[in-house]
Structures are given as C-alpha cells and as structure tokens.
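Following this line, the structures themselves.
Same chain, two partners: subunit A is paired with subunit B first, then with subunit C.
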Partner chain A sequence: MADQLNNEGAAGLIPEPVIVKTERRWFLAMAAMLGVMLAVIVLTGIGQMLHPLSDVETIDPATLHLQGEFVESNLGSALEPDGSITVRIIAEQYMFVPHCAVVPASTPVRFRLTSADVTHGFFVQSTNTNAMVVPGYVTNVRTSFESPGTYQMPCDEFCGFGHHAMAARVVVVPKDQFKNLRPDERMNCGTQ
Partner chain B sequence: MERSRILSLAHLWTAFLCFLPAVGLGFWQMLMRSPLPAPVDDPNTYYASVTAHGSIMAYVFPTFFAMGFGYAIAVSALGRPLQGEKWAWVGYALSLIGTVMALVPVAAGRASVLYTFYPPLLGSSWYYLGLALVIIGSYFWIALMLVNFRAWKRENPGKPVPLAMFAITACALLWGWTALGAVSEVLFQILPVTFGWRHTIDAGLARTLFSVTLHAIVYFWLIPAYIAYYTLMPQAAGGRLYSDTMGRITFILFLVFSIPVGLHHLFMDPEHGAGFKFVQSVLTFMVALPTLLTVFTITASLEIAGRVRGGKGLFGWIRALPWHEPMVLGVGLSLLLLGPGGFGGLINMSYAMNAMIHNTSWVTAHFHLIFGGAVVIVYFAIAYELWPRLTGRPLVSKRLADIQLWLWFWGILITTVPWHIAGLMGQPRRYAIFDYSDPVVAKTAFLVILSVIGGCIVVISVLLFFYVLVRSSFAPVAESMPPIRYALSVNPPATVPALLNGFGLWNVILLALVLIAYGYPIGQFFFLHNQDAPAYSLTRGITK
Partner chain C sequence: MKLENGPRLHNPWGFIVVAVVSATVVIAFGLGFLLLPRYQEPRAPFSTKDAVYHALGFHIHGKAFNTMQPPPKVPTYIAWTESTIRQATIGDRKSGEFIATNCTACHGEKGLSTQPWIPSLAGLDRLVLYKQLDDFRSGTRLSGPMSAIAQSLTSQQYADVSAYFASLPGLPENRGERTPRPHSSYRNRDPVQRLIYAGDPKRGIAACASCHGPGGYRIGAPALAKQNELYLEQQLQAFALGTRANDMDMPMRTIASALTESEIRALARAYANENANGP
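Up next is the complex of A and B:
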C-alpha cells in the first residue's frame, strides 16, 4: 500500500525535458490555432463588413416623444435621398411602435431604435439583425434583406412580465412594389 | 481538524441544499415553455422562478461550494489548521442571510428581474441587498484564502505552494476582483434608486459594470472543477499529474485574462464602439488558451495513469483506467462536455457569428452545457471524494455514484443539444410562453420536448446524488479514513520560480489589463450627456 499513496509507479515515468518539450509544442500549436481563428474573424469582418454596433449616440428617454427624430409622425420606414431606407422604431413595454415595418428587398436598410422605458431586444428572426435597445441610447443597425417575406421580430431581452408577448414584424417587399406604396402603407404595413 | 471539517460540510450542504430546489424550478420552467402541460401555468411565476433559479445557480450555489472546497483544501493541502476559522463562520452567516434576503422578495414576486437584473427595470431593494451580502460574505473567504496561503509560505520558505492551494487562491483572487463590477453597480447605481434617493439610472453604465463580473464569474465556477482535474483526478486514477508548472501557468492565465473580456457580452449593445469590442474579443481568445492547455495536461495525466495500470498500445491505456472511480469518471465526462461547450463559446465570442445567436436559446443552452455539464458534474465528483474524508463515513456506493454521473452526462446533453438548435432557429431566450400554434414556433416544438426529456434525466440524477450523499452521511463511521491526497506531478519540483509561486505581479498585470480594456468603456459614461433613464419599478411602473 505504501508506494500507492503517492502513486510511485508514475514517478519520473517521463523525463522532465520531454514533458517541457511536448508542452511547449502543444502551447505553440494552440496559440497558432487561436491565431488562425482570430485572423478568420478579422478578415471576414473587414472583407464582408461584419461589424458590431459602433455608433454611441445618447437620447433623453423622457423627451423622445416630444422632439427629435422619434416623434410619432417620423416613425417607420423612410426613403433617404440616396435610395437607402431608414426605419425608426420605439420599443416600450410591451410593444414596438410601429408594430410592423415595410422595407424593400436588396436595399441598404438602417434601423434606428430606442427605448421609452426599460431595456429591450431587437431581433429579426432568421437573420443576423440582432441588437439591444437600451434606454438613453440609440441603437443603429445597418443591414439589408435579400429575400422578400415576413420576418418575425420578437423582443429578445427580458423587459417585464409581458416580455413574451412583445413582438413586431418586418415585411420585405420587392423593390418595385415598395415604390408604389403610400407613405402610410410604408409606415405600418398598411394593407399588408 | 474536526472543526474545520464541520465548516466545510456546512458550506457544501448549504450549496447543495440551495441547488436542489433550483433544479426543480429549472425543470418546471422547461415544462412551462414547452408544448406540454405545466402545473401553475402562470408567466409571472415563471419570471420569478427564472430569477430564483438563476440567482441560486449563478451566485449562491457556486459561492458556497467554492468556499467549502477552499477551506477543505487549505486544511488538507497545507497540512495546517485553518487560520481565522471564526471569520469563516462570519462569512458563512453573512452569505446565508444574504441568500434568504434575496430569495424572499423573489418568491413574493417583487424581484422578478432575472439574475442579470438589467436596469432601469428594478425590483425590491432586498433582492439587491441580499445578493450584495452573499458576495460580501464571500470576501471573508477570499481574505482567509490569502491569509492561509501567506502563512504557509512564511513557514515553508522557498517551497512550492501545493498546486491545489495555489489554484484555489487564484480562484479567490479572481472572484474578489471581478465581483467588484456587479457590487459597484448595485451599491452606486441600483440601491440609490431603489432607496428613492435618485430617480434616474444610466442603463449603459450598469450593463458595462455588470459585464465586468458576468464573464469572469464563469471561471470562478470553473476553477474548482479544474482543481479536481489537476490534483484529485490523477491521484484517483492511480497516476500523477503530467506537469505541475503547466497547472500553475493555467491558473495564472485564468486570473489574468478572464476579466478584461466581459465586453463580448455587449457586442450587440449601443453604448460601446466597435474598437473596444474588438480589443476584448481578442482578449477573449486568450482566455481560451488555459482551457486548451488543460485538455493536453489532463489527457496526458490520464494516459500516464492508464500506462501505470498496465494499459498498452495507442488507446489501450483508456480501458486500463479505473472508470469506476467517480472522480475519474466525472472528470472524463466533464472533458467530453467541454468539447461542444467550448466550441459554442468560440462562436459566442466571434462577433460576426454572435449576431446570429445573441439572446437566443443558443446562449442559455451554451451556459447550461458548460456550467451544468462540464462544471457541476465535477462538483458531484468532488463531493463524492470529500464526503468520506469530511464525515469519516465511507460512500455507500460508488456504483450508484457512477450511475448518477452518467445520468447527468446524458441528461445535460439531451437537454442542451436540442436547445442549441432551437436557438439557431431563432427561438428567443427568457420567454415564459411560446405560441406553438404559430407555424414558425411549431417547428421548435419537437426540440423543446426532447429537451424536457433531458431535463427529466437531470432531475433523476440530482435525486440520486442526494440519495447517495444522505445515505453516506448516515453510514457507520469507518475505523480509519485516509486523508484527502492530492496528486504529485511526474517530476515534483523542489522549487518553482517566485512568479509561479505567488500572485503579486499577476495582480498588477491583471489591473493594468483591466484598465486598458475597461478604462475607456467605463470612463466614457462620465462624459456622455442625456443618457440617464427614469427608473422603472417592476411592479409599479415608472418611479417618481
């Protein structure tokens, strides 16, 4: 029993220099592997313009209904002079205003969201459009939708007892069809 | 010796007795969000339950476990009585009072803010005070680990601090530093509002301070499991640790790199620019390194044990290992779970891919796989290893213990794999109710039911764990019970460099890294304007 207490059978089984050498090799292999993964992330990030949210903009949640870009008449999809789309949405317990946004397919879309009360989440299902909506800040997300269709947009951060009931939709229509929509139809999906 | 055993046992029993109801709540939550019928079909109760489940599993259970394990290590690895034992009991009492203080308002439905409690949605002051008290209690433990670490070094100049003690001290230091994020959020931002002294709160700053704690806490949970990997498993397997030095480097890397990475939880947040998100994304890759090193050292240690036991050939050593030993089985299964768990983690920290799974069920599934799977399975194995030594009574059945670990392994896999897939399909997390009549949601119904079946297996495993523990606690006292023995390394070092035998310099490097990674992200809030949001009471709406 005595020699089993410290498992003497394994003592000195492998000379220390061999251990040091194998571990150094493993260390370098793992560092190289992480390096490659990091390079992939950096290169795809640059090459395919995959960036996290980056613009830090603040907004007073107490006055956003009264003045500025988030007044009610300015919400929903707006066509910019350069042909791109800006969609402004307010998140509040337990809805998005407007509850539905129409955007044209294959067009640069910028979502601008903010919260009137607590923290919410903005997630267009089956896309990688996904961001937090934090009161006091403007969430600015750039994306574009290739395929027309109706996308569900659930709130994906817990915001209170009605969280699971908070959802909206994004309706992506073919480019030509979008041109023919009346402003009120663009704003809240009108007859869609 | 005897009194410190009671101290450890009190902590470990408290940890597991909190764990038990939290598992029950978790299972009910799974039923609630599935297409299957659930008793008490009420969303408000669901959110209270998630808060209790998360608060216990994230803060209470691992903290008491680390404290109890830490005291056991300090006594057994250092071979000297615990210095400052009465302070340990003070810490224990504070953490216990904190636990009750936090959970009572949750049970009353007045603090259903979930364990991440993101402002400006605020619950009862008692919840935050309670959580702060749990953490303050644990600071007594941190101080005692340092005191005992230093005392041993003074008495044994020039000798390497036993690896188990070195590691648990790294764990304590890590927790001490990282908890400051959440503690300052609670003390300086949340409590002044819930006490009614202030009416607004900067939600961006709060999320950022919380992120300081949110990631490194994972390593606070993980390190006790890694201590078993490095120091208990090779001994139980009949072998030795491949390398003592690599163990020390691993724990130092965890200490240094696990805090300045928390911003990767905020990739999708509007209050930070891409620059620091990128910096912390890179640092997150660094923190994957100690785990990758561990996989090698531990596999090599297993092989050594297998060969000593007569295993031959390329894979023959695997069969020669004593898999009937709960410690060997637990660590083996944990290593297997680390594979898919680590893979998921790499996706989370890569910010382009993060957008796909952010706040979906993928994330919940990921941390249930890593924490529930890879970490807690080793907590069980540690309990099986410690119980006979702490109680002086043998384990009633290693066979039942092995069955329990296998059930846990399969239960966690069956729970979390479909859960990951549902997340990829866009299922948002933290939903009390899903409308399965919606064709999009209906596609996930089968996966969710599969997950519930996994949850059933997990519950059975936990009940079996308690059966073994309780039965063993009433077994007749053994005539002689060998003390806890920690694995020596293949070539035990006579001395180690001072840098690998203490934390002085590493604390400085850690603080410098935190300053670089978090200095601007936190500092910027003091120069922004207009961002303060009115506080929102969970139960009463806007607070005036």
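Up next is the complex of A and C:
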C-alpha cells in the first residue's frame, strides 16, 4: 500500500515522458563525452604517429658486452644499405651508452635500445618517440628529425638513486655533413 | 509449434549485434594483422604471413638490417650471471689468507697499501676483487705486475683471496647503504661534492655515489672512500683515455671522458680523504 502510494506520488510529481526525455538527454551527453575522449586518443595517436612497439625481441641483459648486437664496438650510429640510420644504445644505471648520438636530418632513423639492469625510459625531445627500455627486451623505435640541432634525451622512467642525472643527447647534423659510414663503421659524438 | 510465431525470430537485435561484433572483429584483424604491420615497417615488404607474424610479436625483420659488425671488442669476460656470482663468493677465507702472503709486499700488511700508486684491497667487495683478478688474467685490464700474478692463480684461488681481503677492515665495503645524505643536492656549494652526490645532468654525469656509495650500489663498482689518491687519479685518467677499458657496458669510460683534468684531481682527493661516512 505504501509502495503504491509512493509510486503514484513520484509519477505524479514527474510525468513519465519527462523522465524518459531527461534520461535520453543524459545518455546523449554521456555518449558525446565518451566519443570526444575516444576521438582525442585516436586522433593524437594518428596525428603524432604514436604507436606501441609491435615486436618482441628478447636478449640476455647480463651478457650484452660479450655477444650480439650490443657489444660496445657495435654501439652508435650505423648506416643501412637503404640509406637509413640505425642507432644502438644501451640504457643502464645511470646513463645511456653512448651518451651522445649523431644522426643526419631528414633521414629515417631507427633506435634500438636495451637495458643492462632495470627498466629505463627512452624519449627524444620533440619527436614521437617514447618507450620503455626493459631488461631482457629490445626496444625498436623509428623516427626522423627534420631540423638539425641538439635534442635532449632524458631517461623518463624512474630507475633508482642516480636517475635524475641520466640524460643523453641526439645531435642532428645536416644530411650532407653526415659522414658516409662504411658498413662496419659506427659513429657517435666522440668518434666524429 | 510454429517457429514464425516465436518472439525471438521477430526481434532483429540479436542479428544486428552479431553482425556488428563480427564486422568489428574482421575489420580489427584486417587493420591490426595485415595493414598496420606493413605500414609500420616500410623497409621490409612483408608477405601476408610475415605481416601476421609481425603483429603477433615475432621478430622477423632482422634480415632488413646491415648485419656487418665491426670486430667485437670485449671489455671483460666476466658477466654477472648467477653462476659467476656464486663462483666469486664461495671463497674460503683461510686459504685466502695463505695466498695473500704473495700480495702483502705490494698491497700492504692487512691489505692497506702504503705506496700511493698501489690500491688498498682491505674491505673491497668480493665481486670487485674477483672481477679485477680475472680481468688481469685475461688481459682486458693491463698492468705489469698484476697480469703475471693473476695468471699464476686459479679461479678458486681468486675467490679465496677475495674472501680474505673483503673480510679485513679498511675501505668501507660498498654494500649500498640506502640512506640519502644530508646536503647531497645541487644546492651544495662545493662543485666536487655536487659531482659525488648529485652528478651533473647537463653533461650526463651520474652521481659517483649512486654506484660507488655511500647511498647507492652497482654490482662491480669498487668502494672509493679512503683509497689512495694517486691510484684513483690514475684510474680515472686511464678510463678517460681508454687505456683502462674493462668496465662492463662502459660506465666509467663514459663518465671519466666527460670530466675535466681538474675535476679528476679534485674527485680523487675528495674520495681519498673521505672518512667511512662519506666525504
């Protein structure tokens, strides 16, 4: 009896068509909000060419210096047969090695990084790169630099006591000033 | 029972939902497995099978790389694997004390060296001692007297003598005591203290203390406090020039070559005159 009265009372206060209309309005508002948020994600993703790494490449972090592509003589910039550049860097507590890379402008650049100890972050100022460097895996990131200059490359993943000082640089030189490397030659700021 | 009268068959929603979901799945697979993998790797024209493999996370573009590597240069044959760490820490202190009678002439009674160019060994980490001895033997660290001595010992004897020297009181063993130090910041006015405790991010120099202590620890990094000043200075110069190149993954060569001559001298002095609690 009491329920009935309440129902009748509520129905009496707000007529059902009004309730339905309000619900529909709020539903549309929520759908629009969701739509905007999804669009922001998708559009920034496409616009800034952000995409997750798609490969899983494993590597033993304890023996980087003994074998494979991250031995110290193979670090730095390498020229590929198609004219693009591959830069190999080790991230370790608390530095990048080499801590200054040289690449030519307006050329596809592929960064290949791996960690010797804990998870570090790879990020080059004003590019679309931003990835974690996880021990045991190779981080493979492609980008290119349009204008010459010095780009900061701080570790953006807290990695311990000395993290705040872990920062490297990428020096982008005009394409015609970049040394024509032999296939087995590697370069960084120190060897230039 | 007449099927056409069943309420479900007249309801189109079931069909619509199934159609929308399957269309989404098909489009997503087409995008994710066929289209995007090709777009992401422009230099490796994929077959359909390769594109699917790539999207699943298998590494298949290796062949697109320049595989010509310069001749490899090995900084040290030690790798910090579990078995190496076990091998380096099973030493017997008693036999080590006996072996150490060959060392005291240079490294001092009780491992505290009195000659400024010879390092003290007392209290150094076992892993550090073991690694340096192995490097002297393999020639990745060059030194006149030490290579011959290291070649006359076995790996087991390295572990024994390391256990002995590590147990002696002397240099503060670098165990990575994790308390931050007061005033260890960029606000410290002394530039050498700043380098030791805060590093120099602009030049990519990490704080020495973050690997050598006090406060931080990195495997294989020797304690520096109270070490001989001349020895520290010579080692830093050797790292900077590359004449000492046995640091795994190059931390010390990277740092030392970024330091100036006067910073090297000042750092060596600060560490040599440090007390157990830090400079």
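Couple of notes before you dig in:
By our rule, the second predicted complex is superposed on the first by the 143 of 192 C-alpha atoms of A that agree within 3 Å, B and C clash if a C-alpha of one lies under 4 Å from a C-alpha of the other, contacts with A are read in each partner's own complex, and residues count from 1 in each chain.
The rule is short, and it goes like this: a contact is a pair of C-beta atoms (placed from the backbone, for glycine too) under 8 Å apart; a residue touches a chain by one contact, two chains touch by 3 or more.
Keep in mind the model is a prediction, meaning the values are calculated, not measured.
In the superposition on chain A, contact is made by A:H164 with both subunit B and subunit C.
Measured by the number of subunit A residues touched, the leading partner among subunit B and subunit C is B.
Looking at the shared chain after the overlay, A:V173 reaches neither subunit B nor subunit C.
Applying the stated contact rule after C-alpha superposition, one finds that A:A62 touches each of subunit B and subunit C.
In the superposition on chain A, contact is made by A:N74 with subunit C only, not with subunit B.
Residue contacts after overlaying the shared chain place A:S126 against subunit B, while subunit C stays out of touching range. Of the two partner chains placed by superposition, only subunit C is touched by A:H99; subunit B is not. In the superposition on chain A, contact of A:D156 is made with subunit B only, not with subunit C. When the two complexes are laid over each other on chain A, subunit A has residues 51, 54-57, 62, 154, 160-161, 164 in contact with both subunit B and subunit C.
Note for the complex: subunit C touches subunit A at residues 36-37, 40, 43, 54-55, 57-59, 61, 64-66, 68-77, 79-81, 198-202, 204-207, 209-211, 215-216, 218, 248-251, 254-255, 257-258.
Contact residues on subunit B toward subunit A in their complex (touch as defined above): 43-44, 47, 112-114, 118-121, 202-204, 207, 234-235, 238-240, 242-243, 245-246, 266-275, 277, 281-282, 285-286, 288-289, 292-293, 296-297, 300, 304-305, 307-308, 346, 350-352, 354-356, 358-360, 425-426, 428-434, 440, 485, 487-488, 490-491, 524, 528-534, 536, 538, 542. By the touch criterion given at the top, residues 4-7, 9-16, 19-20, 22-23, 26-27, 30-31, 33-34, 37-38, 41, 44-45, 48, 50-62, 115, 117-119, 121, 123, 125-126, 128-140, 152, 154-161, 163-164 of subunit A touch subunit B in their complex.
Looking at the complex, you find that subunit A touches subunit C at residues 51, 54-57, 62-67, 69, 71-74, 78-82, 84, 86, 90, 92-100, 108, 116, 142, 154, 160-162, 164-169, 183-186, 190.
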